[in-house]
Each structure stands twice: as C-alpha cells, then as structure tokens.
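Shared between the two complexes below is subunit A, which pairs with subunit B and subunit C, respectively.
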Partner chain A sequence: MSKNVTTINDTGSALKKRKKISRSSEIWMRMKSKKSAMIGLIIFSLLILVALSAGFLVDYQDDVVTPNIPERLQGPSMEHPFGTDSIGRDIMSRMIYGARISLGVAFAAVIFQVIVGTLIGAISGFYGGKVDDILMRINDVFASIPNLLLAITIATALGHSIINMIIAIGIAGTPSLVRIVRATVMSVKDQEFVEAGKALGGNDMQIIVSHLIPNCIAPIIVQGTLKIATAILATSSLSFLGIGIKPPTPEWGNMLSGGREFLRNAPYITVIPGLAIVTTILSINLMGDGLRDALDPKLKQ
Partner chain B sequence: MNTKNDLILDINNLVVHYETVEGTVQAVNGIDIQVPHKHTLGIVGETGAGKTTTALSILRLIPDPPGIIKGGEIFLEGEDILKISEKKMRKIRGRDVAMIFQDPMTSLNPVHTVGAQIAEVVQLHEGLSRSEAIKRAGETLEMVGIPAERSTEYPHQFSGGMKQRVIIAIALACNPKLLIADEPTTALDVTIQAQALELMKDLRNRLGMSMIMITHDLGIVAEVCDDVAVLYAGRIVESGTVREVFKSTMHPYTEGLFNSLPVINDKGARIKPIPGLMPDPIELPEGCAFHPRCPYAFDKCTKETPELRYFGETHGVACHAYDQTGFKLKRRG
Partner chain C sequence: MSRYIFRRVLQLIPVILGASAIIFFILSYSNQDPVMMLLAGTDPTLEQIEMTRHQLGLDRPIWIQFFSYMGGLVRGDLGVSYSTGREVFKEYMLRFPATLKLAFWALFVSVLISIPIGIVSAIKQYSWFDNFGMTFAMLGVATPNFWLGLMLIILFSVQLGWLPAGGYGGLKFLILPAITLGTGQAGLATRMTRSSMLEVIRQDYIRTARAKGLSEKVVIIKHALKNALIPIVTVLGVQFGHALGGAMITETIFSWPGVGRLMIDGINKYDRPVVIGCVIMLCIMVSVVNLAVDILYAYLDPRIKAGYSK
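Let's turn to the complex of A and B:
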C-alpha cells in the first residue's frame, strides 16, 4: 500500500489511545449536571421500584381488597401510615398496588403510542405526497378531539377492561407523536446518507428502519417520557370518572374518587392519591425536560 | 474504437428533464457516454452542467417527481437498465454500480457505527451472516487504511478525510464493476484530497474497476482519468482521451476552462475567466448553448445546435467554428 496510507494508519492508532467518551455517557454527564432532572429521575425510579416490588411488600388479598369494617376511616398512625379508607382497607397498601396499575397502564399505553406513532409518522414523512395527505388528515381528525374526550369515547365504546383502557389512552395520545416523528423524518430524509442508502441498493423499508427511525430516537424518547405523565393522568381521570379501573382493584384515580364522600372527615383518603399523582407527573416532567436538554443541547439556547 | 462488448457502460442520447412549477429544467439534453472496462472517465463541467444528474440516472435515482428520464438508453454490460424492474435495479445498486457522494460529512448515518454501515451493504447483496459481514467490514476498512478496530466507532469520531475513506470502503465493499465518484474530494482540504485520490487510484487498479469521476477540477482529471468528457448545459461539448483534450483542446468552452486556471510558471499571467454565467437551464439559448459567452461565435451558432464531430478516432468536438477551414483556437494559435 502507498506511503500515505501508512501514515493514516499511525494516526488511527494514536487516536485509539485517547480516552473515548461514548455518546451515551456524554448524555448521562449532561443529564447529571441538571439537579431538577436528577430529582425527577430519582423519584420516578423509586416509584417504579415500589410498583415492581408491590407483591413482596403487601399481601393483595388481605391488605388490599378485603374489607375490615372495624378499622374504617382511621387517620394516619403507626399501623396505617396513610390511614384506612371507608371500608377499613390500608391506604398505604392500596397505594402501592395502585402504583402498579397506574404506571403499568400508562407504560403500556405509551409503548402503544410510540409503536403506532413512529410507524405512521415515518411512513407519512418518508413517502410524502398523497400517502402523507391521507394519513395526516386522518391524524388531524383524531388530534382535533380533546385527548380525554377521545379516550372516554373509546373506553366507553370498547367496554371496561385494562386492555381496552390501554388502547383508548394509546389512541388518544398517538396523533401528536405522529406529527413529531413525521417532522423529524422529513428533515432527515433529504440528507445525503439516505440517498447513499438508496444508491447501495436498500429498499424503502430498509431505509426507514435502519436510517430514518434511528435518527428520530431522541425526540421519540423525550416525547415518550413526557407522554407517560399524560397517560398516568388519563388513567386516573378515566378511573375517577368510573370508566377505567373498577374497585375493588386499587388505582389512584378510583381511590381518589372513593374518598370524595368523606372529604370533610377524612381528607387524607383523597389527598394522598392526589399527591401521589401530582408527584409522579412532576417527577416525570422534570426528568423529561432534563432528558430533552441532554439529548439535544442545541435546543436550550 | 471499442466494440460493444468491451463497454461496461454505454449511454445513448440520454435526456433528463426536471418539470418544476417555474418550467422545465433541461438538465441533460442528449448525452452519449462510453466507458470501457477498467477505464476511468472524467466528467467535467460547471455547477449545473448536468454532471450529477447524469450520474444519478445511471443508478436510476433521479428524484421523481420532478425528474423524468425523457429518452435514451443506458446499457450496463449490455443490459438496458432503464427497462428493468425496480427490484432488479436495487440488486444492481451497490453491487454492480456504487456511488461515492460529494460530502463525507453527511453521507454517513450518524447513529450507526461505521462497521455496521459497511456490513449492511454486504449483508444486503451477498447474503452473509451478521458476524461474517462485520468481519468483512473490518477487512474493507483495512483496505482503505483504517484499522479494523475502529469499525465500532461512530462517524463523528472520524475526521473528514477518514470519513471519506469510510465512504470509499462502503462503496467498494461488494467489489462493484463501476464506481461513480461525484466530486469525491470537493469537501476535503487539499492534502487530504491528494490522499483520497491516491487511494482511489490504487484501489481501482487493484480491484480492476471502471470509474466515472465527476469533478470540476481539471487537475484531478489529469491525475486520475483515461478519458474525459466536458459537459456544458447538459451536452457534451468535447470528449476524448485526457491527452487529446488537454494537449489539443478544440472547443472554445474547454479553452475557457483552461484559461481560468492559474499558470504556475508564468507569474505575470492574468487569469482569463469565461465572461458571463451558465445559461438558465429553463430557457437555454437557441443554437449552441455556449454562443452568448463564446468569443468565436458567428451566425450559425445562434441558430443550429452543433453535433459532436470527430477529429481522429476518439476526439469529439461540438462546435460550428470548425466549418471554417483553418480555424484554430487562440490558445493553440
């Protein structure tokens, strides 16, 4: 090989010795430097941990669903840190199990949104023209109905079940994700590497999957995170209105609803799930904002 | 002349237009190009002369809409690729014909490692398993002078010149028969340009490829190419071997190009640029497209479009001036 090539070889190995910072650790460093984001992340991680270990912490039959009338409406105490509800169940235990349902439904709904939204958005953005027109008009129809109203309609139409609720919340949140993915795809698809991908013999599907979608990951992660907050709120709202999770299954929204009649004598029944919802959403929003700044530092200016 | 069998690429009378709202852009207006096996053809011309459009039509990648291949034939090893199915065409792209794009900064996908990007092509065309493809990617990187260990790195960890090497590696991963390089060195600085060119020349000779080098740099043509075609407003105005076109320039436009270069051993010499601008490809002037800028233009040039006429076996010139007996360019006078 020629002389030039060997010199390049040398610089290549010299570069290798330099300490390398990978992209993910770079993002992590940026995220770590933001206090609010870290607080959000810690609170949210704790919540997930609690939700995952609910089975070890409390006994579902005894603590969560079985009424215990003699101990009804007790205020917070050592035995019941959050008090008991109108039929004597321990609110703390119900909160822990409720976290599982609220977060679980929200996560599933967001996964649904991300998959469907990315697919529709990518196809729409990549093909453009008529395909784009048709998909986006349908999308606009869904986007024009208020999220909660749309979720209520779908949930009522499909009937009560956790799966149907996931679908309802999923569909209601999809349109905005479609728009974001479509916009990102449109900005990426004119770059030269997409053309290069075509010139190397890739078909449309390969180009969408291996070139376009990976370049949309950052906005999808950020939106997905923020959407978990919306989905938790939607889950709770639906349950509060009585078209979501039905008692005795604990869910923050229906616990809130169950405490309404006792608001005067036992406000903690309502206040505690309410606080839990607020804290969760706040922590997710803080985390999501931090994540956005970390993934796209240019946006901050 | 070469017989049909020797040609890897044979383009006949290719016409490509872009139909936009403002009007029809006549990007390529009847081009004939022949590339024999293991030969390198340089396509030279100003921005907007139709160089890239010609290259993209060989891969059938003209953005459609607005681009339309109006007519002509493109034979790749005897097969007219304008008539085959898209599926078959995809097999040809990357395997038989590969292309190197102009800007190494944007030609690589920022979210995949360079190894994965090379492996992708190999997997696509040769049906190798993932691990075999990765191994092959490493070998290909070594071939362009990058240590195989660096295949796990991302494009942003490479410098511009190294990225161009990676792009060359991707293009060569499947041993294409024809490599189209669209201004491969324009975005690089001069020292790196020389390295990249040296590398391409070296690999071309070793792998026995044919190459089309699109450039506006006459120095690169002299360095790398066997034949050269000078493009102006979507037509070939002069073509021939590098020696013919450089030593015995015949077309006024080619003369203008050479006069626009600084002369190294005459320090007092002034650069004589070609006056005026490329015509708007929506409204090409009647007759010879170059006549408004041509110092030798006469009546006929404004009315009739000159055909390519041959002086010697391979040297073609499209200029009416040679109707006049004894006509000579000033440069050669």
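Let's turn to the complex of A and C:
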C-alpha cells in the first residue's frame, strides 16, 4: 500500500517536472527554429557583452575623452580601425563606451516603463469603473503627445544628465505599455483561477501580483524587448538634437552629430555610429519578433 | 455622419486641454529660466531681469499664469512668443506651408514604396522578392531618420553634388527631405501592406473572383487591395498626421523652415507659449487626419458607414 502511494507521488512529481521543462524548452525550440531571431539574439548578446566589458577594453580617460589634436580626423587605419574624430579621439574606443551609455540608458528607461506601466495597467484593468476611467484619460493625454516630443520636453525641463534622460524616455514610452497590460489583465480577470484566488481569501494586491501580472508576462517581455529599440532610437535622437547626453560623454547619437561638420572630409565619423544604431535596432527587432512568435504561436500570421 | 464628426471634435477638447496642461507644468517646473535665456549675452542688471520677468507675466504665481494661459486658450488665443514677441499662431502659420509640403511629399514617397512592395511580397510569400521586401522594411524601421538624412547628404550633395544639402526653395530642395521622411515611414507601411494583403488573399471571395476567370490584376487590385486598405490607410494616416505636426529631426537636418524647427527652437529657448502652441496644433493635426481616415473608412467599407449613422 505504502509502496503504491510513493509510486503515485513519484509519477506526479515527474509529470510536473517534465511539464515545467517542456514549457520553457518549447519556447526555446520555437525561438531556435527561427533563424532571423537567433541572428538577432546573437548580435544583441555580443553588443551587451561589449557594453559590459567596456571598462576592460579601453581606458575611459586616455582613449575616450582626452583630446589628441595631432591625430585628428584620421581615416580608418590599423591603429584606429574606425578612424579618429575632430579632436583626435579614437572612434572605436568611443563607440565601445558609447554602447554602454546608449544601451544602459535604453535598458534603464525600459525597466522604468515596465514597472510603472505594469502597475498602472494592472490597477486600471483590475478595478475597472471610475479608477480605470481616470487613469485611462490621463494615459490618453500622455499618449496624445508624440513620444519624441514628450521626451524632448521633459529632458529639456529636467536638464541634461543621464538620469534625466532615463526619466524622460521612460515616461514618454509608458502609455502604450499601460494599454497593453490593461488589456491583458481585463481579458484574464474574470477567469476561474482569479475567482479561486479570491475565494481563498486573497486581497486585491495579492491577486494582482500573483495571478494577474504573471499572465501578462509574455506580452510585457515582447513589448519590453521591442521598446529597448525605441528607447535607443530616442536616446540617440535626443543627443543628436543636442538635448540629450552632452559630449565629451560618448553616446552614439552625439558622436554622429559631432561628425556633421566633417561630412566632406571625414564622413566615417557620421557613418560608423549610425551603422551601430541600425545594427542594434535591427537585432532587437528580429529578436523581439521571434520572441513574440515563440511565446504566443497564436499571434503568428 | 455629421453627428459623428461633431462628437469626434468634442472629444478633442479634453485632449488638447490635458496635453497643454502637461506641457505647461513640465516647462514651468524646469530648473531653467526663460528670462535668462532671453537676456543671454547682454549682461543684464537685476532690474532688467525683473522688468523682463514682469513683462512676460512670469512673476505671477504659477496657478495664475496657468489659468490666464488656459483662459486665453479657450478663447482661441495661443499667446505671444517670449523670444520674438509675435503671436504664436501667426508664427505657426508662417511655418506651416513648408511642413505641409514636406509631409505631403513624404507621404507620396512612402505610398510609392510601401504599397507595391507590400502587395508583391504578399502575393509571392517566402519568395526572394518577399525576403528582399521584408529586409527593406526591417531596415526602414531600424534606420534613424537623422542618419538616413545625413547619408543621403553625403551621397547626393557632398559626393555627387546633385542636390542641395539643405534649405528651402524649389523641388530640388524638397527631394532629400521627402525621401528621408518618406522612407522612414515606408518601413512600417510596407509590413502593414504585406500582412493585411496576406490576410485578405486567403479569403473565399478571392478564390471566387479567380474562379470567375477574372484576370490576376483585377483580382489583386479590385478585390484584394480594396479590402486590405483599412489598416494600411490607418498607418499612413497616423504617420501623415505626425509629419504635419512637424518632422523635428528631418527639418533640423535639412534646415527646413517648418513647424518642427519652430518647436525645437521653442524648446531650446524655454519659450513656453511656442512649445504649447505647437503641441496643440500637433494634436489637432493628428486628430483631424485620424478623423479624415475614419471618414475614408466609410467609403472603403460600407459596413463601417452603417456603423457611423447609429
């Protein structure tokens, strides 16, 4: 008798285990089967690796910010693979540090968006009624101002610093995330497991955190990934317009902008950071599309 | 239909007031001072600073400033620019024709690229052309406007010397900015055209049209495209509306004297009335184009028309 019970228990836990592995590995298998998504993932991972190891690869003071006038405006060579800029700094070193700034600001801004957006969206979707009305009207007003314009205004008002850029881009990108989380919460909040959670005596906050938000994880991951691309674009656009991160701090947008006066003699100053931005955004978009198809095959057309 | 339009215009009012209020408070609580901006380079005395502050009405409490501005707004008065002293609305209207021209030609470029590529990609799904089309669309979405603009300048102005790198005038000056803005828009529009067409060409009525013996051209253009147009028109409409509100980056690169530049200049000088005025006009442009698109739906799809008259 007791033997039987153990067997049943064993089978139960084995089933549970297998199911758990199969879900994540299923997503991974689907992602792996899409070549473009894997290319995106590999390129993006390499970029993150470069950004994280920037401190080991180059010396910030010597290579990145200190002018070296005698070597100014040199084209690409063995010593300077991407050439040097208008005051003789090595563009490759600046690109490597720039990756840290551009990606770092974008990641931080998206984390901001995800936290604030999920919270507002979940509360709005869960409570409905007046709370939903008020939060959504405010959200709509923010959404009615184009992202870039809102980010520019906030960044100008707060002043130029990396933290302020993160706040500006974070706020500007939040409204669309609120909408997505709210829609997902509304679609699951009447299902039985939420009812069960309530019946077990869970309070609103517990239900939101442990039942509703986990069901929004897939759309949040997909949107969050794609929003990193938007945030990188916004960061570089702001810096390009002279509103974002100021030189000598290297950021791809302000490096590109710095080359505008030398389009004739040193076009590479403008070309290279732009290529980096395009590659990054492309890799993120490929990865995000693949992730969306992998997490929710129903969405695939 | 007219009731529908009236209702939509009414819905616009809270959006405009809300957006104005947001921009007002963001700029008011900034740690920058428009007065110092205005007097920069003149080494002003304390008296001059206070004098200017008083003239601009910035010495009043923030709530008084807010309600007096909003009061003007309700009467249709967008206020006076701090830096030029001219009426914001006049200043805006002076710049608007340039923006309208750019937005229109960018839309033209975008339609010219996105619809043919999108249709052929959908018909020949997974062919080499589809791969090419989707790669183009992905690149279009991933390329920042400012970089594309500068690359076009390097190629066509600096290297080949065919077109001017910036300025405002005849068609010559229009080509590069229109391509820059239009190609950026085309990326999303191409993807939209493809996916919308893919959905439609699987429908039964397309098979019926083919079975009737209609030529492929008629099937695609008359039966498929017409039914696939709604999402495409929506995307194009949103993009056109935003371009009408001022393409800040494209206008900056090509020194195009449109409202996007007015907005950037206003932001850089903390010229609150100019920035709010531009944002309000932008909201109006986007809403008017969206409304026009919604009305266009009624012509594309009679079922939607029936829905409006309810």
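Convention: the second predicted complex is superposed on the first by the 279 of 301 C-alpha atoms of A that agree within 3 Å, B and C clash if a C-alpha of one lies under 4 Å from a C-alpha of the other, contacts with A are read in each partner's own complex, and residues count from 1 in each chain.
Going forward, contacts are C-beta pairs under 8 Å (C-beta built on N, C-alpha and C of every residue); 3 or more make two chains touch, one makes a residue touch a chain.
For clarity, every value in this text was computed on a predicted model and none was experimentally measured.
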Superposed model, subunit A: greater residue contact from subunit B or subunit C: C
Which superposed partner A:102 touches (first subunit B, second subunit C, both, neither): neither
Which of subunit B and subunit C A:191 touches, first, second, both or neither: first
Subunit B versus subunit C as contact partner of A:118, first or second or both or neither: neither
Which superposed partner A:215 touches (first subunit B, second subunit C, both, neither): first
Partner chain(s) touched by A:200 [first = subunit B, second = subunit C, both, neither]: first
Partner chain(s) touched by A:230 [first = subunit B, second = subunit C, both, neither]: neither
Which superposed partner A:93 touches (first subunit B, second subunit C, both, neither): neither
Complex contacts: residues of subunit A adjacent to subunit B: 1-2, 4-6, 8-9, 12-13, 15-16, 20, 23, 191-193, 195-203, 206, 210-211, 214-215, 217
Partner subunit A, residues of subunit C touching it in the complex: 14-15, 18-19, 22-23, 26-27, 29-32, 138-139, 141-147, 150-151, 153-154, 158, 165, 195, 198-199, 242, 245, 248-249, 252, 263-264, 267-268, 270, 275, 279, 282-283, 286
Partner subunit C, residues of subunit A touching it in the complex: 137-138, 140-142, 144-146, 148-149, 152-154, 156-159, 229, 233, 236-237, 240-243, 253, 256-257, 259-260, 263-264, 267, 270-271, 273-274, 277-278, 281-282, 285-286, 301
Residues of subunit B defined as touching subunit A within the complex: 59, 61, 90-95, 98-99, 101-103, 106-112, 120-121, 124-125, 144-147, 149-150, 154, 157, 161-162, 165, 167, 170-171, 194-195, 198-199, 202
